[in-house]
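For reference, the structure discussed in these notes is given below.
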């Protein structure tokens, strides 16, 4: 190229070009932020298989095919954060500390911390007052919300975890996990060993 | 290692020209090979790297612009979706402002200022090397992030709350904010180097009234950088803190304020325009003087205009916020101050016109670009007066009118002079001439393409087309002009393509350039093309504003410098009287290690605040390695 | 081009001191950059205050003791600091060594008080904008104390090494002393801002 | 003088029309008219100055130079340059004063009879007609009706990020800033529909965030107000009635309000009278049964990234819900 780029400078140019090519390759390989989920995939998200006691189970095929999108992707987590407010979750769970509903922060997951359990809780409801959101949210929204709920009480913050909201400050944001040690959780209720008795 | 002669402290007066060149080459050369390339501190090598890198970013930014024009060429086009489009226009703006415009102007200064003031290297040459590595790292961070779909998508101005913790998911906005830190560090470092070089390393006799206008413009620019960039550092730090550790600077619910961001951003952002434009003023003045064969009319007035512009630049920022809902009375003040800056700009235009009228113009390519600059920049200035008016601005703010306006100012006001400057200094930098024929074609294509592309945008803006939209509906009356603009952009792109072809071809096989091909009168033309590693075998002594014009056969020089160490002269600020012989630091790999350590710290800190604590340890080690004396003659005598 | 030697520079000193030193000017330029940063942080503080219905937001005014103690300590440190600058000008190695040790200790001491200053604000950075700005101001200034401390420690080691007795090193010592003056000088308006404006 | 040619061409193109109902050059309200006068005035002054500079530039470059004259003296040049600077100062001062007077004339008068609150949301406009009597208060979306010839104060708030309210044919723009409240004077001199669009970048669908301002004759305006205050109409046809049932049982009702039914969601726009609005999805599509169906069926294709999810519906449900929406006049 320029006279300045003689033998000694080729490594620079080569490194630069290599980095650009590598970046382009990574970009091509990585899926861009998906704003519209194909209806068949969205429908498949409904097909989770739960254990008979309603705790844990196998997520649908598409969940793995998409790279556990709802668990780790920053965009979906932030959508979940919005849905948490829009669908009135704070009225029972407050900012995650729990009130009428259980806390998400004390590390005690009545039905286990897996995404399928959380999705099932939101979709189908649970005994003792958790309503079913099957008819109020689409299944994709439920997955987004579940990802966020899982983040609220995470021991180590996900890379894509949401930050604080432009609202009154009540507790440190999800990206500053572990949430548990960051503030007093107040008196902990008595938890049954596994799930509520019917 | 330097082979020592038996004579201790050998001085240049004891050597003839051939011996002197040999000894100075031994002292000042950059070793060949990769290690030498990585550890060089020669301002010419670093300046060249800066220039190449900035032009690569220009080309990349141009490709993004073409992508946007493709998407906008017809209504409801679906070439690019909104998510990618938002990244593209953010990248285009960020890239052009932070990775092209500011760095390329500084790059030209890094290369030219030491030559124009007649010294052998820039002040703090290792800091200079460090600043380049930081710039490169910041640019790579941004572009690699873009390639992996993590490119910032919040606009180059990153208004909160859209860029804040709640509305900008993921690391995209953090990448933007941290890229700012990289480029600010490098810009501030170069600004310090330029200030000290200009104030303290001028050739003996180059008193303040004999400083070339380009050097003056870079001095004022450097002060603007020093005073303006801390504002964006504070702003981007506050943004990252809001996003990462939950501070409330921009959260109105907890006492923060959304407009605080805008104030801080534009307190930097408006001077930024002059940081880009003032060096161009210096380039225009230099080219006008050379190609009209007379000094620029009104030297003192030009310098005063530069300084006035620099001062006023800090009093205009609110005109970017005329529709944000600030008190009208305050806004009227900013209307007045924004309009007032047209006065020094007008003065400069009139001085150049007077110079052209009184001189004997020679219509070579660099001068053509200056003429193009005059035509386009004056339109940009006029639309600048328009948007300075509050009521006018309420209709055109954030529309394509403003897009047209600032492209007229920045492309017309800075890129045209820059291209002229490249044609002008190319022989000095590479030792080869660029093609005059291709140069004329380049100018014609870029000038035509530019005006056909950007002038219609004024109309689009008045017809109600907002900025930053990824498409528009067919019922809006904008599709015809948009198609016209997109087609014209192809002409503009062809012009730039031709420029790159010409530059690459000429660098490889252009005709050899003489030392002073244009008959110019500033000091950089008093040395060979390209200059030797030590710039001047004997440092020049200056007796007038145009050291090469009076008696072009002999150059007055100073003698008595040591040749065993890298030595240059420190002179007094006003009169440029010699104060000391001073050593200039030699090559070192530590700036590269320091830059790498800083890069790790900055990128890591996007993910956890603890990176600042742990990451500062390698940075400290690298800096200590940098400054610890190595027992070289430069360190110890 | 012919060259005629019209000026003989051989009698000039081989290294500039004081205002003839490039490092001195570089330090000054960096002080200008950082000073602008400090000034802007105070502007942000006052701006947020102007918007707030009451100030400080949801917190009592900060406790005076640690901050005032630190201020006093910083002011006291100016005396040995000026002495060390004088000794550096005199190129007195023994005294400069003693001075650097003292200044290293005086660089460490404020950090202990600074640690107490953060709780004395009675607010954390993530509670509201007032907390955010006071933590950032304290943090910004702490970074400068730390930077200068590291520089002083390195210089101390250097002056005890074989590279010590050199005009260039003495210049570095006096530039470092100038920088410490700057660190102290920038603290004073911040001290007034952080501790006294909330009591107005 | 290619630029001059382009300038001329474009001025003629503009004069010949091509302005539409969202244009600063087609002003239909007092504030916009004042500003348009200012725009034309400043543009003419600036164009003349530019032409003068270009003439001087051309002359300076191309004038005949005698071959043997010595270097020209600088003194006359100094006078000329000084006078040019003085002229600049005068022109700048005059423009500043003109601008200042226009600013005063577009400011809000002390009292306006009608105040409408507009809240910016990602990516639609919530329009609130508040009344002292809560029963008379109502809200709508993306469509603002104002009476002709009357000063209207628009109160601007934001629910999320910064937006900018801009209806170029009626007035200049004003930002909607979270945590702050701005206001703007709006006034239409003639009845008509004036399109406006968000002018501050606000995220993924900044592009599709338009609204219609409809200026009615006072009598029409009162009729419209009265109609809006009513609850939603009962569906009369079977498909609309089925649509209502589907609407209430599906996720739709969780986000949207239809007054007079159990649907009381507040996340999305109020749909009580959606059938009476000219457009849906913030100016994206004209309101027809077909466009409603297209929108409900796949909002993420028409407006990618917006907050309305794609709700799985059978084709019958889709048809019925569209019919219901259309019936909500």
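So that you can tell them apart, the chains are marked A, B, C and D in the order they are listed, and the count of residues begins at 1 in each.
Note that contacts are C-beta pairs under 8 Å (C-beta built on N, C-alpha and C of every residue); 3 or more make two chains touch, one makes a residue touch a chain.
Since this is a predicted model, take the numbers as computed values, not measurements.
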Chain pair, B-C or A-D, that carries the greater number of C-beta contacts: B-C
Relative to subunit B, chain with the most remote C-alpha centre: A
Centre distance in Å when subunit C and subunit D are each reduced to the mean of their C-alpha atoms: 52
Rounded Å distance, subunit B centre to subunit C centre (Cα mean): 30
Centroid distance [mean C-alpha coordinates] between subunit D and subunit B, Å: 37
Shared-contact residues (touching 2 or more other chains) in subunit A: 35, 164, 166, 169, 172
Set of subunit C residues in contact with two or more other chains: 126-128
Residues of subunit D whose C-beta touches two or more other chains: 160, 178, 204, 304-305
Touching chain combinations (by label order): A-B, A-C, A-D, B-C, B-D
Residues on subunit A engaged by subunit C in the complex (per definition of touch): 164, 169, 172
For the subunit B and subunit C complex, residues of the former touching the latter: 11, 13, 123-124, 127, 188, 191-192, 195-196, 199-201, 204, 226-227, 229-231, 233-234, 237-238, 241-242, 245-249, 251, 254-257, 260, 263-264, 515, 526, 537-538, 541, 552-562, 567, 569-570, 578-583, 620, 624, 627-629, 631, 635-637
Residue numbers on subunit D that touch subunit B, as the complex places them: 2-3, 6-7, 10, 13-14, 18-20, 22-25, 32, 34-36, 38-39, 42-43, 46-47, 49-50, 53-54, 56-57, 59-61, 63, 65, 71-72, 74, 77-78, 80-81, 84-85, 88-89, 92, 95-96, 98-100, 102-103, 106-107, 122, 156, 160-162, 164, 166, 168-169, 171-175, 177-180, 182, 195, 197-207, 283-284, 304-305
Interfacial residue positions of subunit A with respect to subunit D in the complex: 35-37, 39, 42-43, 82, 86-87, 135-138, 140-141, 166
Touching residues (chain side subunit A, partner subunit B) in the complex: 1-5, 7-9, 11-12, 16, 19-20, 22-24, 26-27, 30-33, 35, 74-75, 77-79, 81, 159-160, 162-169, 172-173, 175-176
